[in-house]
Structures are given as C-alpha cells and as structure tokens.
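Quick heads-up: structures coming right below.
Each of the next two complexes has chain A plus one other chain: chain B in the first, chain C in the second.
Now for the complex of A and B:
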C-alpha cells in the first residue's frame, strides 16, 4: 500500500482541512495583533455564542445543499418559531415546554410545505422559498409585533444558562454539529443526499425515493431553524420580528465556504461549522479593529464571491481530470 | 457495571455543578459596595480614550447627518477617540452581537441607539461590565442603562394626529406608515390614533409597513390612493415615509388635496414643505441625543460632578436618568428658518 503525498491540490480540495488551517492562521495573527482584545476568554465565548445560531441553521442548509437544494426562508423561520413560542407564553400563559413544542411544530410545518410544493407541485425551490420567506416573516411580525419580552424564567434558562463558562446555545450547537456530522457521514439515509445532489437521475434509477428525501431535507432544515429561533429568543430574552433578517445569505455563504457546491453532491457538516466560524472570526476582527459597518458588508460580500469562485475553479479542475 | 454507574453519577454531578443559571430577576446586576465600583472611572483623559456608538442601519442619512456627525464633532472637540459601529442594514440581532463583542474591549463609554427592546440584555451586560452606557433615540425598558436621552415618540404621533385633524377639519380618511414592529413607531402610531379619537368623522384606514424605503412608501401611498380615491391624509413615521408619500401624491396630481404630515426634517423634507406637498413636519433634536449623550458618558467616567465621596462605589449615577429633548414643529410658516 502506497501512501499518497499530500499536495496543494489535495489541500485545496479538502475544504475542512484548508479552512481549519486558514482559521488557525487567522486566529494566531489576530491574537498577535490584538492580544488584549482578541485572545481573551470573554471574547472567545462571545464569538462562539454569536456563531451558534448561524451554525445550527447552517447545518440544515448543508444537508439541503448536499442534496442540490437550498432554502431562503430559514431566516424567517427563526423569527417565526421564537415569535410563536413567545406569543403563546406572553399572551396566553402557555407552559414553556408546550410553547416551545408548538413553535417547533410550526417550523416543521413550514419545511413540510416547502418540500411538498417543490417536489409534488414542481415549484422552483428559489421561488417557493423566497415566497415562503415573505409569508413567514409576515406571520412573525404579527406574532411578535413591537417585540415580546418578560418571558418565564424557565424559558430564559434554555438559552442563558452557562456550562463551563460557555452559554448553552454554544453547547447545543456543538451537540448538533457532532450529531449531524456522524449521521451524515455514517448513515445510509443521509448518505443518499450525496447521490441525489451528485446525479439526481441516477439516484432515482437506483431506487432512491428522491421526492420523499427532498421533503425530509426541507423538514430537517426548518426544524433546525426552529431550534435556532427558540434559542435566539431565549438568549435575548425577547422575540423580535427582525430576528434572522439576512440570515439566509450569511448561512449560504458559510456553507459554501465550508465546502458545499452550488451544484450539490459535496460538503460536510463540519464544513458548515468551520464556514460559520470563519465568518464569525472575520466579523469579530472587524469589530475589534473598529471597521465601519459599510466595510463589513463589502468584506463579507468579497468573501462570498471568493468562496464561489474557488468552488467553480475546483469544479473545473475536477472535470478536466 | 457498578463502577460505570458511579462514574456516570459523578460526571453528572460535576456537570451540574459547572452549570450557572441566569438570575430570576434580570435587572439584578449586584449592588455597589465600598470596595466595588458599579462603573469604571478615570481621573485623566487622553486621546486614546474611546467612546463607541453602536447603532443599526449606519448608512441611514438621518443617522449619518445628525447622530454620527454630532458624535464625531463632540469627540474632536473633547480630544477623545470616537468610533461608530453597527450593521449597514436594519438588523437588530447584529446590533446586539456588535454590542456584546465591544464589551470585552472595555471602551470608556457606550452610546447605544435604542432600536428595539430586545437589546436590553446586551445593554445590561455592558452596565454589569462597568461601562458607562447611554441609550439614545428610544427608551429600552429593563435595560439598566445609566441614562436615556431621546424623543417621546408617542408625543410625536400625537402632534401629527392633532395637526392632521386640524388640517382636515376633523373629517376624512387617513392612513399611517412606518416600520411596523418597532417599539418607537408603534408608540407613534398609538399617539396618532389617540389624537384623532375625538373626531368620529375621521376614518382610520390602517398602518402600513414601508420598511424605511422611499419606493415602498410611494407604492403603498399610490395603492392607498387608488383603493380610496377620497383619502384625505397620510402620516409618516420614518425618514423615508414623507418623501415616498409626497412622490405618490405628486404623481396622482393630488398635491394640496391629500394632506401629508411626517417625522424628521432632512433637506428633502424641508424642500417638500416649501413646495407645499408636505404640510407639517415633526423633527427630532437628534444632535442633542449623541452630543449630550457622549458628554454624559464623559462626565460619568471623569466624575465631572460628584454627588458623593465616590459615586461609583456609592452606586450613584451622576448624570440625568432620562432626558426628553422635545420636538421641532415645522410648517410653511417657519420652514425657511431651517433651510441652509
């Protein structure tokens, strides 16, 4: 058995590896340049906390993108699930577990509707999820109004407790990343998404129930967005109708950075986490460096273009071989 | 097997003991003591001393021309560093994330745009970290901020409602628009409604979300005019409502027949009042929000006014708790005084 020497091509194509190295290098540089601000426990825990909501949604988006799909309504689902749970607790004194369950149920229903309309009726995924984004945002606005606060302590505990100095959403995120990573890499059910994303026709001919799998992917994505919404509301102690606005773009950027391909069939859950982590560190660095919000938008836009360009170049190279 | 169970129980106990629950009373940040300062003070001032403004939609002309310009000018005059941070879009969760990421760098003071009640927890964190914190524009309940300086949005809505009733002689169909869901605007809508309540012949058509966008405001206003040809008046509650409504009224050739009132007094609003398209403006004294707010932060940090031997240790906040700066009313009679 001969060992293959790692070369630059291999490094570039293994996005988890290349992104891990980039993040490590970036962290070292920032720790040297801003030792008082960047390399502190307070800052680390804050970066992890801010990253947690995006990552949970990004995990669902990664499953979709592996299967060659995407969902633009996830940001609205985040606002909806938190808003629904908050509305029930605030106006109707519904017990916390039931309010959370109904919020999550609503999120699942949205995923199911998206999946069903896309696969059974044949609506273009972009149009369907774009329309759903508006519909769900409208419902979130109706539920949350000018923002709901003063939730029961039992709800606040979910997102504001700390374990080993890190706020709970960070632990939920790690649990979801590790759990989903295992499922996607090791179970037949999730491995099917690689076949569907790689060659949908071949997947269908080999007996995979593509439509049903696609519906499941939308449900999983909405379910995770629902969890993110509940956690965000609990963490903020408020349900905001503006929650999750622009999240879909951030999450798609993170997922593409993490190795997903626009044409499907590629990507790892760990890549989604690393993509979100990379963006969170960049954001944190821009705030520490006191870079204006104008430039933050520009820089994040450039990163997205670079990620897609690299994706296309690698794809071209693979096709050439 | 028994060892395994013991290990599991021990691990669980360790895990639970490492768990820290949030306080049942969120406003509890701990009392001041003789040894513990509730906010950080300094005897000397330097150019490196940094005051940070955290807002959202930082490119909104209203914010750039008034809030940010006054804050920057204050910094230059005082000889301290001023920094403005926040997302380019209207994005409250990102504003919260920005506040939380600024806290570890311990600036000399934080000036926070009170965009939504949901930012209360982030403000409490800043206060708990000992950073002098002033909220401006809209009050954030339960935030524990050291000072609030801004406008009374209910009053701004009430003023618009009263003027609208006066302009229409107490009868006619009216609608309002702004950013739905924002605490300050919702308060403004309530003020408007309360002001027109005594006039039963004034018919309220509803509130509409123009998303602080001129084109959206114009589209909504045009739709309202099409659906209600007898509409008599419209009131705006964000900076772009007025120009949008004015565009639709001009395009429908209804200038002077549909009465318009709105908030803010930017050059474009003033020009529209001068042209007779908009009847009435309620302006805010925004420069005062940030220039006075920043000065309060400076005074608090440097103990300009001492109310005890050591205010930080006594738990005394030596700046005003709440400052309402009032409104500026502009119509065709005084508009020339505001055009530069």
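Now for the complex of A and C:
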C-alpha cells in the first residue's frame, strides 16, 4: 500500500488547506497594500472580535451540514437567548448565572423542538426551521422590545473583558472551535454525522440511530447559537430584538466556503472558522479600501458562487478519470 | 417492422448485452424470456430510447435509426410500460394518461372535457369502467395503477408496445382483459414485445419467443416449437458449475422463525443451523428482502416469533440486531450499503461506532485485515470506497459486517453487478465463513448461485414460503416453477 503523493488536485480538494493558503495570501497582499491600516494589532483584534459570534454559530451549522441538514432559525435564537437573559435581569432582577442558564435552556428547547418535529413528524427541515425563525424572532421582539440596557456588571464582564490583548468572545470562539474540532475528529459520536450525511440509509442499516443523532445536531446548533446570543448582548451591553438578523445566511455561506456541501457528508469544524475568517477579512479589506457597503454583499455572493463552481469542476475532473 | 442488429451494451464490470439481434414483425406478440440479469430490461430500454447501445444498429421499417432519446422513440410510435411505475400519485388518472399531449382548446389550454371523455373511452376499452378519470392515481389499488399505466401507453396509439412484467401486480381478471386487448391490438397490426416470468402466460399469448441468457441471444423460436420445460432449459441452460462446496452445517439450530408476518410476507416458519447457508429464492417482490429487513429490525414484525440461539428476540432498530450478532448486506449496494465518499477504513468503522466513545485504531486494523483476507484490490485503505469497482465495493461492505464478528449473516443479492472473478471469490469467502460456524441467510435471484451455495432452499411466492427444498432435490427448473406458480402440488395449491 503506497501513500498517495500530494499534488495540486489534492490541495484544491482539501478545503481547509486551500482556504488557509488563500487567507494567508490575502493577508500578505493586504498587509503590503495597507500597512498602516490592515497590519496592526488593533485591526486584527477587531476582525477577530467581529467574526467570533458568526463563527460560534457556524460551528453548530457545520455539524448539521456534515449530517446533511441545516437550520435557518439560528439567527433568531441569537436574539432570543440574549433577549431572554436580558428580560429576566432587567425586569425581574434575576441573578446573572440563572438568567444566562434560562436563556440557554430556551435555546436548547428550540433546537429540541426543531429536531423532534423534523425527525419524528417528518417536517422538511427547510420549512420547519424557516417557521421557527419567524416564531423565535417574534418571541425575541416580545422579550426585548425596543432594546434592553443597564445590565449588571457581572453580565457585562462576560463579553467585554480582555485577556492577552484579545476580547473574551475571541477566546470563547477559539475554545469552541478547537474543542469541537477535537471532538468531531476523535469521538465516535460526532463521526456518525459523516456517515449520516454520506448515506443515510446505509447509516441506519449500519446500526446508527439516525433520528436521535439528528435531534442532537439541532440541539447542539441551537445551544451554540444560544451562547452566541448571550455573548453578543453582553458585548454590546444591550439585548436587541434585531440581533442576528441575516446571520443564518451569512453563517451558511461561511460553512459552505469552509468545505461543507448541502448534500452532507463533507466538511470540518476548522473549515467553519476559516470560512468565517475569510469573509471577515474581505469585509475588513473593503472597509479599509472605502468600498461602499453595498458592494460587500455583491462581492461575497460572487466569491460563494466561484468557490462552489470550482468544486463542481474539480468533481467532474475526478469523475472523468 | 423493427430489427436490432448486434446490439452490445456494457456497464462497468458487466457485459449487459453482447451482440444481440432481434426481429420484430408487425402484428405479432413477441415474448422475451431470460433470468434476472439476462439483459431483458437493458434491451427494452435501448428500444425505447432510454439507453444508447455501445454497438449495433436499430432498423425501423428499413431505415436505420438512433433513438437516443425517449421522445424520438415515442415519435416513431414506440411505447413502453415499465415494471416500475411512471405515474404521479398526486394527479388524476386522466392527467396521468395524457401527460405528454393533452387535448387542447383553441386557446391552447387543456380541454378538460375532452380529456375526461377520451380517458373514459380508453378505460372502457380496457374493461376499467369502474375507474373515474378524475380520481387521483394515489387512491387506486396497485392492480388498477398497473392498468392505468397500460392505458397511458395505449393512449399514444403505439405501433410497437413494450410490456415489462405487466401482470406481476394484477389479478386473474385484469390479466384476462389485458390479453384480450393485446389480441385486438395484434389484429390491428400493432407489434407487442412482452416480458414475463410466468410461463403459462407466455405460451398463452406469445407468437414467437426470444431467449436471452447472460446478455447473449439464445435464438428466436415459434411458440409452438417450445414447451415450458424446454424454455426453462434454454433460459437456464449453462453447463453445471464445476465447483462443488461441502456443507458445514452443524446440528444445533441458530435461528428459529415461527409464523412470522410483517409488511410484504406472511406466516413464515423456518430454521437455520449453525454454519448453514439457507437460501431464499423467489421472484422480485416475493417478500424475501422484506423478511430480511424485518429480521434485522429495520421494519416492524407484526406477529410471530424469532429465536436466536434459543432466546426469543425482537428488535426495534438495526442497532439492536447488530449488538446480537446479526449482519445484513443489503441488496442495493449503492443506496444502502457503501459510503462512497468515505475511505475503506471509515466504511469498516461504520458498524463499530457504538463500541467506544473515542475513535480508536481498531477500524483501521480491521480494514487492513479484511483488505488482505477478502483480497480487496485498492492502492490504500484510505481510498474512497466509491472509487473501487463493484466487486471490491461489495467486499468492503462485507468487511464492514465481518468486523462486527456476527453469528448470522443475512446477505441480499451478494453478486449483483459484480464481475465473474470477484463472484467466485465471494462464493469462496462465504463458504469459508460457514466453516468457522457463521450461519448465512442468502437471498439471491441467481439460481446457479443459490444451487451452488445453499444447503437448503426456501422458495417464496407472493409473501409466503411455498416450499423448503433440500440441496439434493433442488433444481433450477423446480425452483423457477415453484417461484412463478406454475408448479402446483395439490397440497398447497392456493390460487
């Protein structure tokens, strides 16, 4: 048995590798063009802070997409968990840890409901999570109204303190990415999602409890979105009902850029982080270059189409052999 | 009317058709006979324009044609009724029948009135006065659906009508109407190609019979020249396999099934010894796979009992069956067996996931072991399984199950789409496994395979176990006649 030699084809097919190189290249170019604005510690920590919320949600989305599913309600869950915790602290003076726990509990309940209805009742995931997106957004509006502020110091400190020059949300994000990456690589529990996404029928016949695993995936995704919501409102010092609007599509974009496929079975947790990082750097570059905000959306859309198109062309080449 | 000259078609690993020639005349009913996998369906799909042949030509009324598309074939007047349904359950009978070209009003809209009328007329011709043209297809019985399927083909006034197993899901009465209809069409000059496993039908209506075996034409005969026995011999007709396997069956019973019923099978009782290979034979749809899936916990058992090693068991999920030492190699490797995007190691891992929390090296050790033992030809155990040949993929699926060290292996069509060399290897592997005490429940539509491997053979027909044969008394023609219902001893005659 011989080891296959790495070549350009392999490089292009390993999304984590190719995306890392693209990001490195992009960073070098930007550092050369905008040494004063891009290559500074302040800019770096700002970019990292901006992408931390997206990345935490993207990790959960990656787990789902490896298993061949996705969840449109995550953006609303971000607003909901922050709003729930904020509402309890603001109106009822609930202690901070309990408020956070209840906010997270609500998020988990949403994930459980999604997973249960999709697997046991057989509702299409797209429809179920689309409906849940609206329902949860409505609850978030009820809870936080025009926005809640003046949270206790213990809540603010969660998202606004710094460690080694980086904001805490960045550290939480890195912890979640590294931890989940390790778990997905090494535990049989998370490995099952690759089998479910790769061939659901074969997975069931191989003794994998497909439905139960799917429910877990929705719970994990909602749990991570819940954490993101708490962090976001802590960082902003406010719970806003509009938090996380459009987040679901941004996160799905990042995850697909990071190597996931809508049909499932593909992707790595690190890819979710790299996809979000890539998008954050592009955004950052466009702001530094003073390109109109309207163009950002256009450019990200074009990049997404390009990435998937390259994938398809590569796939065709492999099949022709 | 239609002439096929030296048609060949190969799929990866299988030569589906090799230099088949066929001559269809106007106003005849031409039966095509052959075992499963003989190439009948491929040939029909070539005529209907669904598949392009690799070699050979099609001549339609003296002109060579290339009906590379279904529409081109339809324009010539070729209509096909598939074994599988092509109806949409959510649409009405009339809409389904005239899906291609519904009658239009001068405004170019669908003329619902005429659509209904035409449909009613057509259905009356088929003796289907009871079906309302407006009712949804989803509300019909399987037999009615089959008849609507035939009506759909007839609506185009075809000059050549292909029927693939049209009577497999309809009853005695509908069959009689269908045959009358076919006779009328024949008088009117329509050519009919008729595929069926039922000997009695073939001799009842066919004028001529062409026999296919392993993708090779065995000749065309007048129906009067042949009799059922001779026809079966032509279809089966290979020289007996040189190899003979010993039986490794031990006296103790490993699996005992008592009056088991479930979706697709009723009242099945049988037992399986340690180290024995018990084959389930029967036509497609006889309930063999359904029985296997129920034993494996994939579908529920309605009534009856199953004992494994003397203990009564009942599974709600395959996971529980696997834990008790049952393995199931499914019929459709692509959709249910292999994980094409994952490596060989990971494929083997699939059944071992519930054994530990952390991923360990045991799967890769098992993959290496079985790659060697099963002679899986691959550059590396990290190779994606989807890139292997059919035979090697099947061995990977087998490896996945052997890694669980099962006591009972249920194996469904183990050599479908597997080339001859790998076939022989798989046979040897299965026999070696029984020598080590593994019991095997073999489901196969390839009778030579059944006769070669099995110690005993249970023949299923329409969900019931017709008879259990000992290896010594079984023959291909006996199994075929039991499975198709032409053999009917008084004791269990139930038609």
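Everything that follows uses one rule, which is that the second predicted complex is superposed on the first by the 308 of 321 C-alpha atoms of A that agree within 3 Å, B and C clash if a C-alpha of one lies under 4 Å from a C-alpha of the other, contacts with A are read in each partner's own complex, and residues count from 1 in each chain.
In this text, a contact is a pair of C-beta atoms (placed from the backbone, for glycine too) under 8 Å apart; a residue touches a chain by one contact, two chains touch by 3 or more.
From a predicted model like this one, the values you see are computed outputs, not experimental measurements.
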Fit-or-clash call for chain B and chain C when the two complexes are aligned on chain A: fit
First, second, both or neither for A:144, with chain B first and chain C second: first
Which superposed partner A:93 touches (first chain B, second chain C, both, neither): neither
Angular separation of chain B and chain C about chain A, which is computed from CA centres of the superposed model and rounded to the nearest 10 °: 130
First, second, both or neither for A:237, with chain B first and chain C second: first
Touching partner for A:296 - first (chain B), second (chain C), both, neither: first
Partner touching more residues of chain A, whether chain B or chain C: B
Partner chain in contact with A:209 - chain B first, chain C second, else both or neither: second
Chain B versus chain C as contact partner of A:191, first or second or both or neither: second
Per-pair minimum CA distance [chain C against chain B, superposed on A] in Å: 27
Chain C contact footprint on chain A (complex, rising order): 1-4, 185-189, 191-192, 194-195, 198-199, 201-209, 265-266
Chain C residues within the chain A interface of the complex: 296, 298, 317-319, 321-323, 328, 330, 335-342, 346, 349-359, 378-382, 400
Chain A partner contacts - residues on chain B that touch it in the complex: 15, 18-22, 24, 26, 52, 58-59, 83-94, 96-98, 100-105, 116-118, 120-121, 141-142, 180-183, 185-186, 209
Touch list for chain A against partner chain B, complex: 36-37, 40, 42-43, 46-47, 49-50, 141, 144-147, 149-150, 153, 156-157, 160-164, 232, 235-246, 283-284, 287-288, 290, 292-294, 296-297
